[in-house]
Every structure is written in structure tokens, then in C-alpha cells.
Amino acid sequence: MISLLPQALIDGILIGGIYITFAIGFSLAFGVMHIIDFAVGEWVMLGAFMGYYLNRWLGLDTVVFLPVVFVVFGFIGYILQPVIYKVLSGKRGNPHLMGLVFTFGLGLMFRGLGLTFFGFYSHSLKTFLSSGSFSLDLGSVFITIPTVRLAGLFYALIITFGLTYILKKTDFGIAARAVAQNRDAAGLMGVNIERISSFIYAIYVGISAMTGILIGSVFSINAQMGGKYTIMAFFVVVLAGMGYLAGVPWAAFLLGIVQAIFLIYFNPGWTLLAVFIILYVILLVSPKGLFGRGI
Amino acid sequence: MSEAILKIENVSKVFGGLRAVDQVSFEIEKGEIVGLIGPNGAGKTTLFNVISGYYAPTEGSITFQGRAISGFPPYRLAREGIGRTFQIVKPFAGLTVLENVVIASFLKYPRMADAEKNAERILDFTGLIDKKDESAQGLTLAGRKRLEISKALALEPSLLLLDEVVAGLNPTEADKTIELILKVRDQGVTILIVEHIMRVIMNISDRVVVLNYGQKIAEGKPGEVAKNPTVIEAYLGEAQA
Amino acid sequence: MSLLEVKGINTFYGESQALWDVTFHVEKGTLVTLLGANGAGKTTTLKTICGLLKPESGEIIFSGEPIHTLPVHEIADRGITLIPEGRQLFPQMNVEENLLAGSYLKRAKKKRKENLERVYELFPVLKERRKQIAETLSGGEQQMLAIGRALMQDPQLIMFDEPSLGLAPILVQNVFSIIKDLHKRGATILLVEQNVNQAIKVADYCYVIENGRIVMEGTGAELEKDEKVREAYLGM
Amino acid sequence: MKSRGRFLWIFVVVFGLFCIVPLLTKNTFFLRIATEALMWIGLAITWDVLAGYTGYLNFGHGAFFGIGAYTTAILMTKAHWFFFPSAFVGGMIAGLVALLAGFPTLRLYGAYFAIATWALGRAFQQLALVLDITGGPDGMRLPTFLNPVFFFYTMLIFVGGLFLILWFLLERAPFGLKLKAIREDEEGAMAIGLNPARVKVMAFIVSAIPAGIIGGIYAYWITYINPASTLGDLVTDQAVVMAVFGGLGTLIGPTIGAALIYAFKTYFWAYLSQYQVLYLVILGAAIAASVVFLPDGLWGAFVSRQEGRKALKKGLALKKEKRA
């Protein structure tokens, strides 16, 4: 059984890599807008289905539609942000809780829309990457890596480095970080906080939807898949410390590996419970996540 | 010398690299009003928050009525008999004035009827009884500061920590608040007061402790302290540039 | 025409009024200081000018145009900068990123290079620590960074809120010589300070604020003799 | 004190009206609808205990319902207990889970709690799917006791009693004021001797136990439970929507919200069953829209309108006085 461990580790890293992409966006949206988006998994689901139907209608490979999905959902996020902003800057009791309830309702609505239009069935997204795989024969250990998972990791790396580049090197990125670190001071520098928030939310929604296509080609898609990924996004971000971007990859890899180990060694049905227990223990010991940063 | 109700010994509080409070020691005797003053940023509020349990001290010890209390959370200090007010008033905004004080009364009077009776007695004492059914949110600043004092008094504390209860009030309101503070003292409550308005501190304090850059730079009777050149310099800056 | 005219502003925190009919003006190229005890309304005045708070009534005119209805970032674009109390840096960014954030505005971006050079020339220590994370700087260095960041905005009016707060005496001297230096180079400055003696010395004109109202004004020399100022601060 | 008299009076009338429902109709369909409506009222008001009175959102409320249902099923089928003690123990176990889950999470920023409870709900659903004792995805069958009148009265008495107890606990007793104090300002609450973490965990337990018992009643009544029906998202989703739509922190709001939404659901599922999933869309849209347009819920909007009218009248009267 121990010979399966390297495979589990590799699988975990490949899965974790995909989690990084939408978890970073999620964490960023939290840092800049102070929104916890309960609909994150539903964005993933909607993006996956858009890829699926575009593929069926136009016959082109799903991978081609990545940018299309990004643009469409980015636009949706951009026009949705002012509504969230309105909820969060409301004068009533607890606007942050209202923000939570709002996105919770949004997620519910998207799930309903998904079920209405896509039905209960699972589909799989086919791309030219779907079939192949690499094998590594290390004597006693044999590892298989499906091409599509490797592609997923590349995608994750591109997104992660791309976002990091934007945040570190561009004026837009510096402004976004400024808003996240000190809103008032950012305003004093002439940063239009609402505009930055809209763009950040657009980027986050776009990336999440795009990731849906990747997830759909690795696993299968159905209208109720969102919840699972919302939980993963939450776990990654809570483990990393809310709003602390640098912690996201490590937390994502950790969860990916835990998931892979459970898939191989135990009943996969226990995965969620195990992840929950890990989260519980970490919150008990270090309320601010693995790195003790964030809020 | 009579017994010290509160003993602060070599207390320091460090944030990152900054020593916001640095090796401060002083005592408060029973029945006294002690003023804690110093220019903006001197560490008064930090020290105040350390004493009231919102920060744990990095070094040093705090003893209250003979018991070591450093590191106690605020609600335990309240049970020990330390009441406090907040500079930025914290009324329970959605509740009425009476309800605000009733909640504070639960500590000593766990039953609703008793707590209500106690709250009314206190509001009568602090002069808010006419407004008892109004929403705490709707009070004027002076009213809210008074409500803060009422809530702290409902704990029947032996030590009362007052954080800027006069700041922001107009002179008439300020005088009334001073009157109230003296009335509280006459009931046997010991008081530590942080205040920016020097006129207030100088008038009501039996003793003053002056902080600057986190350190105690002077301690004594108000008149003496006000003549102390170090204190004057701390407030007005160096005379020679 | 004055660069900044504040005309009868009334500002509220929630329901409690913090400023009452505050009126004053700042001429181009002068250094004006606003004195007053804590809680008198100095910071509130500055926050109202830069748009972080909105006045309930009254007008703020900058370069002949009303600005009191504009959002914060547009007021910044007009050329007003505030160096806030407690510095308010971007704590997890390094020194240079903080400075770059200062030149976010389009008009400031054009002059980014020369302004950056100027700031580094003014504060060589910032150049040395270009890559250091802001929250790990010492108090004095943080204050320099806050000033540098404001200069990157290429402002027409620089407002300082208690720049000497929490700094050791030597550094206080340092900060004041920087302010004097900026003034000498022609900057228009509105200074809020507790360090009365220092502030009076560097100022061309002073206003004293008490309980949210302007109660006195005059040149530094005039106020220095006035016992009332002393009284307001020390209660003697 | 006047409001207390009026409240009790209204309560007795509504309770009485419910009591005579079985006498009016022999139609078990209506009885079933009335029973389920009561059940949702119970779930919505227990959710509101935490959300409305302390400001913490529990997105895993369905887990308590499911824990109660499964515990009752297991005790009745495997240990051959009677129904009432089984349901009671189900409630206690739900309370225990709340204690354990609340302890680390309620100390934290509200969002952590919301996330943790949501995950908790999902984790319990998974647990029911993989355990043997719960029958996995096949679920469990309980002893059948087909007496709709019995279940109607059990539910009525339990939920009615629950409403009264919560009313006194939250609106009349020190506990409710303490919760509100923590909701308004945790630091200020600490200064007057309250331990926020302890009070919040107690509120969480108070909200979990009755939800568990309701789950127990539901299980015995419906006689068949599975992970999707008792631990699925829909239980939580509906409780949240009902409470938010009706108005948080009032008990009456969630009651009205539960009644309206349940009535809508019943109509929808009865006449538009081919569009069943559309119900989720409407539910989601309703909650999002009520956050934007009705932040205080239906009841909150109604009350503030009444108050506005009163204030207007008072203002007019004052003006008149001045003129005179």
C-alpha cells in the first residue's frame, strides 16, 4: 500500500493546484471587498456548463472557450459588484452578515438555475487533453499522471503567477493591495475603491468560472457540484488565513493531498469529514489559520 | 499610608517593536481619584486597556485588592469589581437606556425584577431616569457618556476606570459630569480617570500620574505636576528649537 | 484668491456635532497651523477637507472650485493630500510599493520618476530600505515614508495630522525641519499639531480650535504671547 | 408590559385556532400541511435565536435537524426505545454537537462561524452516507405509527411551547438581553461582566436542541428518512430564507416568513411540480432581494412603518400644540 503514496501525493498536488486558482480569487475578493462569497462553487459550476454547451454547439475543443468564459463571467461579476457594495455599505445592523446572506441567496439561485436548465445528470467535459496520460515507472513505484491533470496544474501555475505579477508589478495591482491593506489611505492616494472592487470581483468570478472547465475535464460536472468547491475554497482560505494570499498555495496543496489520500486509502465519503476535522483542530489551535495572519 | 486598592508594578506593553507602555509603576489608594494624563500617543489608552484586561501586559504585574489580576479577561475583572467606560462610547445601540443598565446589573442582581430596580436606582443617581425608555442610540453625546458611567456603576465596582468621559462635551455638560464623578467618589468608589481636558483632571484629581513615550515622567498633586518643567515640555514641546 | 477656503462647515459623527461653523483659509505658499487640545476637532477638520467625512453644511473651496461634495479619490486628484495621524501606511507593502501607490493618480504617474528621485534625495534612508516591508520600519522611518508617499502625489496642498505624534524628541526635530524645508521650497501646508511651541514657530499663521469652533487666530508671534493658548492646553 | 399582555392574547388565539384544525377537517392532506408548517416555524425561529439575537449565521442548521432525526431513528429501531425519550435524546445530542462545534468557532469573526457551520452540515450529510448504522444512502425506516392527529398535536404543542419558551427567554428574561448586548457590542458586553463566547455557545445550544427534537418528531412522523431529506441543504436553506424574509431577531418575523414561504412552496409543488427546481431559484432570488430591498424583513418593514406612522401622528400633534 505504501507504494501508492507517491501517486497520492502527486494526485493531491495536481488537485490542490486547481483549488489554488479560485481560492486566490476568493481570498482577494475578501481582502479587497470584505465579501465572503458563498456562491464561489456556483460560479465554478456555471462556468463548467458554459464550456460544456459551447462545446456541444460549436464543436470546438472546450479549452478554446477558457477566455470566452473568463470574459463573460468577468462581465457578470463587474456588473454585480455594485449591488454587493450597496449591501456591504448598508447602514443597517450588520452589513457583513447581510453580505453573507446575500451571496448565500445568490448561490442558491444559481444552483436552482443550474438544475432548471441543466437537469440532475452528470456530464463530462471532453477536451483533446482528456485521453492521454504519462506514466512514470520508478521500479517499485508506478505513477500515472493523466494529461488533463497536468494541464490543470499548468493552468493553475499560469493563473497564480499571472495574478501575482499583476498584484506586485502593475499599478492596478498595487492599488488593489492598497485597498485591501488600508482603505482610507488608498482613497487618499486617489484610488477609486469602488472601481478597483469591481475589477477584482470581475477577475475573481472570471477565474472561478474558467476553473470550472478544468474541473469539468478532470472530474464530471452537474448542477449540484458547487457546494463541494465552495467548501474547498473556504477551507483553503481559512487554513491560509483569510485574505492572506501567500498562504493559499500551501493550504490548497495540503487539502489536495488529504483528499487524494482518502480517495486511495479510505472511503472517499470520509474526505469531507476529515477535512472538517482538520479545519476544526486548526481553528482551535490557531484561530488565524496555519500562518497566523489574515484578519 | 492607607492600603492600595490597585498596584501597578513595572508594567510594559510591547506592540511589534514599539514599547507603548514602558515599565510603569504606581498605586491607587482606596477612595482616591487619580488622573492619568500625558500628551497624545503617550500610552495612556494602552495602559488603560491593560488595566481593564483588553490587552495582557507584556511584563509586570497588576494587583487589585491584594489579588494578582494581570491577564484576566475584561469580564472577570468586572466580576472582581472593576468597572470601566469607553472613550468611544459603546452603548448597546438597539436597546433602551434602561435595558442597557439592566444588562450591567445582572452581574449583581441575576433576577430581572431586581436588576430593573437596581438600574432605575442608578439612572436616578446619574440623572438619566427621565430618558430610561428612549433608545440609547438617540441620546446626545453627553447622555451616552453618562450612560457609560451608569453601566459601569451598575456593576457596583470598587474601582472605576473612566476613559475620556468629559472630552467632546460643552462646558456646562462637562461641569455636570465632574459633579457626577465627585458624587460617585463620595459613595466610596475609587476612580482612575484618563482625560485630555486638563481643566477637569486638575480640578478633581487627588493625584496625577503623567506619561510620555510610554514612561511615567511625573506623579504628584495636580498643582505640583503642572509646574513640573518636564511635564510642561512634554505638553508644549521643547521651548528651544 | 486663497488656495483653500473653508466656509462655515458643520460636521457630524453620527448624531453628535464635531465641527461648528469652522471657517478659515490657507493662502498659496503659506504654512498654516491649526492648534487645539485633543478632541477639539482638528483631525475632523482635516478629514472633512479631504473627503473622508462629509460636512452637513458649509463649503470647501479649493483653487476656486467647491470640492466638499466630491468623493475622496477625486479630491486627491485635485491636489490635496493628507498625511494622516498614525501614518496609515500600507503595512504589508515594501517602501517602494508604498511610494508607487502614492503616485497612482494619472497626473502623478507622469512625474513618477522625478518625484521618486526627489523623495529618495530628501530621505536617503528610504532609498536604503527600498525593499523593506513598511510595518517593520521604525516610527521615524514610517513617518518619512508617509511624507514621501504624500509627495509622490505631487500635491498642491499638504495636510499634516500630528506628524510628531509618538516620535522621540530628536525625530520630532527632524520632522519639523522637513516641514520647514518643504515650506521653503514653496509648498502650501496645513499643519495640525499638539507640539504647540514648535508649530507656532514654523507657522505663518495660526488658528486655534476649541470644542469644534475656531476661537482665535493670528500670527505665531501674536499667539505665543497669549496666555489663553497655554491655558487651553495645560488647564492652568 | 402592555405588549406582553397583547402578545399572550394573540398567542392564545392563534394556538387555539390551530388546536381546532383537526376538528374542522378530516382531510389528512391539510393536517399534514399544517403539521409541516408548524415544523418550519420551529426551524425558522430556532435559527433566528442565533442569527437574530447574536448576529451569528448558522449555515448548518439542518445538521441539528438531521442529527435529531437519525438519533431518533436509531434509538427506536436499534435500541427499541419509545418515541418521546428518543426524540429528547436526539435533541440533546444536537445540543452536544453545538457545544463542541461552537466552542472554537464562536470566538472568531462571524464569517468563520458561518463557514464552519456550513461545512459541519455537509460533513454530517457525508457521515450519514457512509455509516452503516444510518443505512448509508438508503436511509432508515422507522416503526410506522400512522396517526396524523397525534403528530399534528405533538408538533403543535412542541412548537407552541417552544415559541413561548423562546419568547420569555429572549424577550423577557436576562438571557435575551445578554444576547442582544453581545450582538450590539462585544467589547462593551465584556466590560459589564459578560463572557461573550460562553453566552454565544449557550445560544447556539438553545437553538440546536429544539431543532434536533423537531427532527425526531419529523422522522417518526414521515417514517422514512435519508441523508438527502433530513441532512440536505434544503433544510438549512429554507430556514434561512424564512427567517431573513420574515425579519431577524423578532421571533414573529420568522414565524410569518415560515408560514408564507411554506404556503408558497406547497402551492408551487402542488400545481407547478414540473418546475420543482425553479423553487430553488425563487428561494435564492427571494433571499438576495430581501437583503437588498427589505433588510429588516417583512415584519421589520411593517413595524417601522407603524412606528413611522405613530411618529408622524405625534409630530402632527406637536405641531398642532405649538400652533395652539
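Going by the order they are written in, the chains are A, B, C and D; count residues from 1 in each one.
By our rule, contacts are C-beta pairs under 8 Å (C-beta built on N, C-alpha and C of every residue); 3 or more make two chains touch, one makes a residue touch a chain.
Here the structure is a predicted model, which is why all the values come from computation and not from measurement.
Enquirer: Going by the touch criterion at the top, tell me which pair is linked by more C-beta contacts: B-D or A-D.
Expert: A-D
Enquirer: Farthest chain from subunit D, comparing Cα centres?
Expert: Of all chains, C has its centre farthest from that of subunit D.
Enquirer: Centroid from C-alpha atoms only, then distance subunit B to subunit D, rounded to Å. What do you get?
Expert: 42
Enquirer: Just curious, how far off is subunit C from subunit B if you go by their C-alpha centres, in Å?
Expert: Distance between chain centres: 31 Å.
Enquirer: Could you work out how far the Cα centre of subunit C sits from that of subunit D, in whole Å?
Expert: The separation of the two C-alpha centroids amounts to 53 Å.
Enquirer: Can you list the residues of subunit D that touch 2 or more other chains?
Expert: There are none in subunit D.
Enquirer: Which subunit A residues reach two or more other chains?
Expert: Expected reply: 93.
Enquirer: Would you identify the shape of the chain contact graph, picking one of line, ring, star, complete or other?
Expert: Looks like a ring, each chain touching just two neighbours.
Enquirer: Write out all the pairs of touching chains, ordered by chain label.
Expert: A-C, A-D, B-C, B-D
Enquirer: Any idea which subunit A residues touch subunit D in the complex?
Expert: Against subunit D, subunit A makes touches at 36, 38, 83, 86-87, 90, 92-94, 96-98, 100-102, 104-113, 115-116, 227, 230-231, 234-235, 238, 242, 267, 269-273, 275-276, 279-280, 283-284, 287, 295.
Enquirer: Give the list of subunit B residues in touch with subunit C in this complex.
Expert: My answer: residues 16-18, 39-41, 137-138, 140-141, 164, 167-168, 170, 196-202, 213, 226, 232, 235-239, 241.
Enquirer: Which subunit B residues qualify as touching subunit D in the complex?
Expert: My answer: residues 52-54, 73-75, 78-79, 83-84, 86, 90-95, 99-100, 102-104, 106-107, 110-112, 115, 151-152, 154-155.
Enquirer: Where on subunit D does subunit B make contact in their complex?
Expert: 172-174, 177-178, 180-181, 183-185, 187-196
Enquirer: Please name which positions on subunit D make contact with subunit A in the complex.
Expert: 51, 55, 57, 59, 101, 103-105, 107-112, 114-116, 118-120, 122-123, 126-127, 129-130, 233, 237, 240-241, 244, 275, 277-289, 291-292, 295-296
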